[in-house]
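Next up: some structures, all given as structure tokens.
The following pair of complexes shares a single chain, chain A, combined with chain B in the former and chain C in the latter.
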Partner chain A sequence: MIAFENAPPFAAPLRFFLTAPLFAVLAGLLVLFEGPDLFASRWMPATLAATHLITIGFMLQVMLGALIQIMPVVAGANLGHPLRVARILHAGLTLGCLLLSAGFYFSRPSLLIGAAWILGGALAVFLVAGARALIGVASTSPTIRGIKLALFGLFGLALLGVGMAFGIAGGWPLPFAGLTDLHAAWGLGAWGGILLAAVAYVVVPMFQLTPGYPAWSGWWFPPSVLGLALLWSLAVGIDAVILGRLAQAGLALAGMAFGIQTFRLQRQRRRARADVTYRYWQIGLGATLLALLQLLIVAIWPGAAELPGWSLAFGVLLVAGGYVSFIVGMLYKIIPFLAWMHLQNQGMAKVAAPNMNKLLPDLDMQRQLKAWGLTLLLLLAAIGWPDWLARPAGLALAASSGWLWLNLYGATRRYRHFGRDIDEKLAALP
Partner chain B sequence: MTHPKTPHVVDARYMEPPEPFVKTMEMLDTLKPGEKMLLLLYREPHPLYKVLAQNGHAHETELLPDGTFEILISA
Partner chain C sequence: MTTIRTFMTDDHRHCDDLFAETEQAMAKNDFALAAASFSGFCTALLAHFDVEEKTLFPAFETKTGMSGGPTQVMRMEHLQMRGLLEDAKEALRTTNSEDYLGVAETLVIMMQQHNMKEENILYPMCDQHLAAESAVLIEQIEKELPAA
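Then we have the complex of A and B:
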């Protein structure tokens, strides 16, 4: 018997994991449909729509679904009513993301306001449930402290996002350019970066058989990133330009330190074969380090941000190249593992669960990985040659994300098949 | 493998789940009352903690500078 009887039912995280790739497909179709215009600037309506289809529809969807699943396992924090929270959150994220993207794309204030209420409400439900689960849990590991601080980061991200949606819809005189950068810093740093690190401290050694992260870095990285995001916010609030640039440089350096450390740990892994997760993480780390180098350069020389394609390259590298790659790499481990674990429990130590490779064949993942690599190259090249490559890049994004969905759906289909098989074998036992 | 804290050690730092759990439960079965065992891992095994508590085993955890969690479990 495996000790996961307190883990939430498979249905709780699965709905998020199977919805997320569809949002990436939608983003790809939007790029395909819009073509070169989407690469004209980060402020184009279609660009804002595509960005949020990926960041909320794909990234946030998987991150929160996974968090519901892993909080009991990595933090000993049990979410009350996990299935109910999952249902509300999943519905809110799905509907809210669609409304938000439509609001940006069609420039419709009413849709933005609707999205802000729904996304804000769904995140509030999750944050309250998460805080209640974690409130009595001592921060005995860097992961627990990291998850607590990441939730604070999510709160900041949501507050800025909801505020800006109301601001845009209501035509408030806000400094939107600075606030957008800050919103991204909270989303990709204080929330995404801290959560990624907190989870990496557990899953990189566990799934890739590497040494552990040194304790000092685990204790320091999450509070440093949160502190720097707060410093950046203060700088925007009091209009202190140099302070803001210092915070940017600090975030870039902290992220680079984490990335280089992870690279080094992965080099010392005890698993001889480079599996798909390892390769996805290598792509993710390489792209992230390039994006953070851009951030460091902008902190030193702000004029760089005005270079053609600079901001778009940063977004493609960090969001698609970094986060999406890390997330897919983890999904390819987590889904077969969860499916195997539930089958193992179902077998009640009398019928063995099938090998994980039978749930999600390696070859399917390897092929999809190649398609994703091509997608990233096309997205980056499309920034330089949008007339030629914008539509192929969109097609590639839609196709490789659709392929991801097929792989994940295939795993759940096989899981149900093996589940029936185990039931039959159990019934036949004397 | 032995350790200053106890001769009964499961070094599960390079094992994939569920091996650390299985090996720990196997070793606990071999211990006499009053004896202790040590589990080494690069993470805190919260699901294992729950099972240990249910079965009346006390545990103490220490995080070492290299990222190893030393979990000392009483039989």
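Then we have the complex of A and C:
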């Protein structure tokens, strides 16, 4: 029997969603504190630290928290003990990310090794639990297959990340520049890109009432991206430069095709209002397409990567402009909806739950969205004028992320308040 | 050949269309038009629930002996959506656009995730278990649904 209604308790995903913005605040404070030096190159200790505060502390936190929530619902894949897995994973990601960033920032090998053990261990727990849950599930939809392939991507990402942390700490003679690019390809492509697409196949039509993604694209995109990431890895392994550039170009084109398709579907949406989630996705798609254009240009003309600010612009566009925007856009729907659903169940059809806007007011989200737009512009401009704009960009990142936290925390606070209210009303019923 | 899945999925899309009409009217702040089109949407959606609860689900439950499973969850979600429909009507009646937007937002996600479960899990199960009687069943459902 397919597990039909096995949504995990709210506490399982919520801890991830409420921790994530705090890491983005920390990244902002680091930029504010370090100032222009952070924008000197992608290899600066503070830059590596800030990057991982966002990619692990923000992105990976939310992605894994969301997976714990959606795997039973969209794939019928039940993690044996969702709350226990959530606790271990959340603690591991939080501590591991802090150690890793501190290890980069203070150039302390012991911290990097500690972080590698903790992050590797936490991800291993999740991957084993996830694989066990998915093993008997047939890939009847592009989303289910996408999630399976994304977990493989996460495995590759973790393997490379842990290996490099040990390598840096131990001073192993590894080709770090090439490996870093490959690590990013697994993280932002084979893991992040595939997961984003797998989720988008469900949520883009659901949130905006758009037509569905065509079946061929849903079946082809995830395996193509994974195949290209494997090809890139092979190219790094056997030192085949042209093959690596081909894989890079392929990834850029596949990502652009997915992005353009999503743009077109969203333009056909049947919801009348351009809501905050829609705006966040439009920003995300625009930034992602620009970043992927950069990737394509570098595949054709590798010299472009040496242009001042090129790599930093790619990172800001894809990670902050793309992924963070997509994620926040989704959080703004998922958190109030889950809160409503849990309140609805709590009321047992006798006491009504307040609608989503009463849990997270639209105006709060609209204002935070503007702050995020300004943050992105400042981060991009700071690459060109670090002396003037690095610190304001850091301040904006901290402030807009703090605002996000306030909005999400406010929703959970109201959720608890309404929950008590419902309990009282239920008790008063004859 | 029409399957239960394709037939019922088409009816979901039909309900979505009517819902979208109300939203368009609300975007123009035309409460009268919105209320009129919302009532059409309600009729279609409630008819869809009815046909499931009175015809499709019982057929499935009788055949499989599964009455506490997926159909039970679907009935419960129908109940929740019926509540949201009442809230939305009330918001339209009192011309409270903020309340309407909040309820509509909740209703859209509720409806879409519900449809997804039916379309991807329950309807295929119906097609599988009710293969022999599906032609007759679809005909009966067609009769019970108001002409679109």
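Here is the rule we go by: the second predicted complex is superposed on the first by the 425 of 430 C-alpha atoms of A that agree within 3 Å, B and C clash if a C-alpha of one lies under 4 Å from a C-alpha of the other, contacts with A are read in each partner's own complex, and residues count from 1 in each chain.
One rule holds for everything that comes next: a residue touches a chain if its C-beta (ideal position, glycine included) is under 8 Å from a C-beta of that chain, and two chains touch if they have at least 3 such contacts.
It should be emphasised that the depicted structure is a prediction, and the values quoted were computed from it without experimental measurement.
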Is the arrangement of chain B and chain C around the shared chain A a clash or a fit after superposition? clash
Should A:N355 be classified as contacting the first partner (chain B), the second (chain C), both, or neither? second
Check the residue A:Y201 against both partner chains and state whether it touches chain B (first), chain C (second), both, or neither. first
Contacts for A:A215 in the overlay, against chain B (first) and chain C (second): which applies, first, second, both or neither? first
Considering only the touch criterion stated at the top, classify A:R270 as touching first (chain B), second (chain C), both, or neither. both
Which superposed partner A:F337 touches (first chain B, second chain C, both, neither): both
Which of chain B and chain C A:P223 touches, first, second, both or neither: neither
Check the residue A:P72 against both partner chains and state whether it touches chain B (first), chain C (second), both, or neither. first
Could you look at A:S141 and tell me whether it touches chain B, chain C, both or neither (first, second, both, neither)? both
Go through chain A and flag every residue that touches chain B in one model and chain C in the other. 2, 4, 73-74, 76, 140-141, 202, 205-207, 209, 270, 337, 341, 344
Residue ranges of chain A in contact with chain C within the complex: 1-2, 4-5, 73-74, 76, 140-141, 202, 205-207, 209, 270-273, 275, 333, 337, 340-341, 344, 349, 352, 355-358, 362
Of all residues in chain A, those that touch chain B in their complex: 2-4, 6-7, 72-76, 140-141, 143-144, 201-202, 205-207, 209, 211-216, 218, 270, 337, 341, 344
Hey, which residues of chain C end up touching chain A in the complex? 16-17, 19-20, 23-24, 26-27, 66, 69-70, 73, 76, 79-80, 83-84, 87, 98-99, 101-103, 105-106, 108-110, 112-113, 116-117, 120-121, 125
Interfacial residue positions of chain B with respect to chain A in the complex: 13-14, 16-18, 21, 42-44, 46-51, 61, 63-69
